[in-house]
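Going by the order they are written in, the chains are A, B and C; count residues from 1 in each one.
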Amino acid sequence: MANEQPPKKHIPTEKKIKRVSIAAAVLVMYIWTFMSIDIDWKEAFNRFASNYNVVVPQLFSPNWARAGEVIEKMIETVFIAYVGSLAAAILAVPLGFLAAINMTNNRFLSTVGKWILSAVRAFPEIILAIMFVVVVGPNPFAGILAIAIGSTGMLGKLYAEVLESIDMNVVEAMQANGANKIQIMFHGIIPQVIPEFLSYAIYRFEIDVRASTILGYVGAGGIGTMIFFAYSNRNWSDMGMILLVIIVVVTLIDYGSTYIRKRIV
Amino acid sequence: MIEFNDVSLVYPNGHQGLKDVNVTIEDGEFVVIVGLSGAGKSTFIRSINRLVTPTAGELKVGGDNILDYKSKGLRDLRTKVGMIFQSYNLVKRNSVFRNVLAGRLGHTGTLRSVFNLFSKDDKALAYESLKRVNIDDKIYSRADQLSGGQQQRVSIARVLTQKPDYILADEPVASLDPPTSHQVMKYLRKVNKEDNITTIVNLHFIDMAMEYADRIIGMRSGEVVFDGPVSEVSEATFEEIYGRSIREDDLRGGAKDGEQDQ
Amino acid sequence: MANKINKPGLNDDVYAPMLSPWRAKAKISLVFFIILFFLWYSSRTTGVDFGDLIMGFTNMGQIIDKLFPINMDVLGPAFDRLIETIHMAIIASTFSTIIVIPVSLLAANNITQNWFIYNATRLIMNILRTIPDVVLAVIFVGIFGTGPIGGIVALFIFSLGILAKLISETVEAIDMQPIEAMRASGANTIQSIAYGVMPQVAPQFTSFALYVFEINIRASVVIGLVGAGGIGQLLMSQFSFNNYGAVMTIILVIFVVVVIIEYISTKIREAII
């Protein structure tokens, strides 16, 4: 079979350079990572071997005696999440309006608004919780504040996106008809965005429940405090119970929230 | 050689796909299967490479009964049987070349193919196949950048790269416009004649069937109701096969010598 | 939609075609009351009410007092630990990206024909996704001791669950016809997957991998707080020594780095899709 080889593939030089440099950058990153990370594998393996039997079997046999306590704390956790995300859902509305280009008609204001929201988003809730514990003391209030501020960032950004995608024809029609800003907002804009706002608020609530579970670790209330104690006392059986309750509650809330969100939108 | 001996196929839902089919196809024939939708054309064709499995009878391909084949046997069978589909079935994001090379997958070891290490012979074969259907200039284009007719030609090139003993085509031109349809059928005929590969095509356009086939098999409700050389066929035959008179959309039309598409 | 020529009156809910007038009001009111009820009940349980909440916000000024002046001495160690944090995220993301390839295929109903394996995989992945990253970290720090190892394993498992869901959903949405064609030409399962599934999923895969890397960076910071290494561990130790000045510095450093990494990653993702 005297067949000829196909012609070589011609890749434009620019693309070649791009590819090579990306590959090089990734390679450098990996070399840097694996050379710098200082892990004593032998030690790690030993610890694993010795700790495994202490931790894992206990983890899988949860301490039912404390179930009541754990559930109570979990309820507190859910409420922290609830109040916090509710406050955020409300606070984020004016912020969302500020950040949406088609609402303020001011490019500068909208960009600034978006930057502020992004900045707030960058803070993990638990770090906010640390700050608030410093200010208001170690109680659930700090946790609520942390969740509220943390969620406002993400919700504000999502709200702004929703607002930017509504049908402006409705607004125009109302303006042409002589309605003032407030009337336009309540009769024209709000009805269009409420389902989506609610949907995002509920979605954020799901995330906040997960986040609230650990706020107690730094003293901001909720089941996190129990986690802290179980860990300090190496009480893995308690930890197993906590884990079980968390899994069950979060799963239930996820299902409920997905169900409600489907009905809304 | 393909032999259907009393082959029947009943689907799990009870529908009878094939009923007592007895057909022998010699090597090198160009056979066109005609019939209305649901007549069993697709079932017939897909039985040959075991994409569907007959529930009764004996189906011999190249002398062996393929109904007993398990996974290795199936793989070997399918490397010998190439198939062309109505929707071209190319991987859209891959280049034409890569799509055509996929024809060699059945012949290449798993590890080597995953890392795209095809032999030089394979690559040369793929290039050769592309040249035979006149689409070698698009060799590195993405498959979804081509027109329907071009994609079908790439399909043919892929099948050629398999070096099959048989080619099956399930409604290869149903999604194409008339001139392109004729062009694709011409390529199928060309390959059939040049390589002496047994070719079996499903068509529901009777004028194309009469133009390109050596032999026509008509099916209705899973049974073979006509089997003979194209010289014995007329429009009346089709009316018998279909059980109704011929309609406008049973005909393809279009220029007899297909225009070159871009 | 409202016709501009025939201008309906202001109170006509032609302007809000998605909700019919009184039904919408009833629905919204109902939802509102449910929310209010929960709010009342939850404030009773936590011992906090909205009044306190408002006061709390106005107390923000106190934060400035207690957390500043910032202590710059801690910058050196902070950067070192920050790099450790980033390394942890890189390693965990890499492993989870690799392992998710077979896992997501098992969790895709167009690839896995075995009902049992499919559902078992999905169940496990769903459970893993409900466990908060910190809880995972606490467990693995318990097994491996403090330091980055526990953190890496925790992040790995955490991101595996997320990735598995995202990618298996992408796989389930692909076009199966090219794969049928490949099987018809004699390719075996692995070859069909490599040539048919992977190319279709590739851009989404990369995008999700970067997304999970972003998540892991943030999570890596957080899990350090429970002793899993990285800058979080430093933050926690300074916090427990009541070195609030240092705490603020570290927080600022974290903040800046997280913003930068998220920005870069988002830009890259936009460029790919």
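To be clear about the criterion, contacts are C-beta pairs under 8 Å (C-beta built on N, C-alpha and C of every residue); 3 or more make two chains touch, one makes a residue touch a chain.
Given the structure is predicted, the values throughout are model-derived calculations rather than measurements.
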{"item": "Chain pair with the most C-beta contacts", "value": "A-C"}
{"item": "Central chain of the complex, centres being mean CA coordinates", "value": "C"}
{"item": "Most widely separated chain from subunit A, with each centre as the mean of CA atoms", "value": "B"}
{"item": "Centre-of-Cα separation between subunit C and subunit B, whole angstrom", "value": "48"}
{"item": "Distance between the centres, which are taken as Cα means, of subunit B and subunit A, whole angstrom", "value": "53"}
{"item": "Averaged-CA centre spacing for the pair subunit C and subunit A, given as whole angstrom", "value": "6"}
{"item": "Residues of subunit C defined as touching subunit A within the complex", "value": "1-2, 4, 7, 10-11, 13, 15-16, 18-19, 24, 28, 31, 35, 38-39, 41-43, 45-48, 52-53, 56-57, 59-60, 62-63, 66-67, 83-84, 87-88, 90-91, 94, 126-127, 130-132, 134-135, 138-139, 141-145, 147-149, 218, 221-222, 225-226, 235, 239, 244, 247, 251, 254-255, 258-259, 262"}
{"item": "Interface residues, subunit A side, partner subunit B - complex", "value": "1, 3-7, 9-10"}
{"item": "Residues of subunit A that touch subunit C when the two form their complex", "value": "29-30, 33-34, 36-37, 39, 44, 47-48, 51-52, 55-56, 59, 75-76, 79-80, 82-83, 86-87, 118-119, 122-124, 126-127, 130-132, 134-136, 139-141, 144-145, 148, 167, 169-170, 172-174, 176-179, 183, 187-188, 191-192, 194-195, 198, 210-211, 213-214, 217-218, 221, 227, 231, 234, 236, 239, 242-243, 246-247, 250-251, 254"}
{"item": "Residues of subunit B touching subunit C in the complex", "value": "49, 51, 75-83, 85, 87, 89-94, 98, 102-103, 105-108, 110, 113-114, 155, 158-159, 162"}
{"item": "Touching residues on subunit C, where the partner in the complex is subunit B", "value": "175, 177-178, 180-188, 190-191, 194-196, 199-200, 202"}
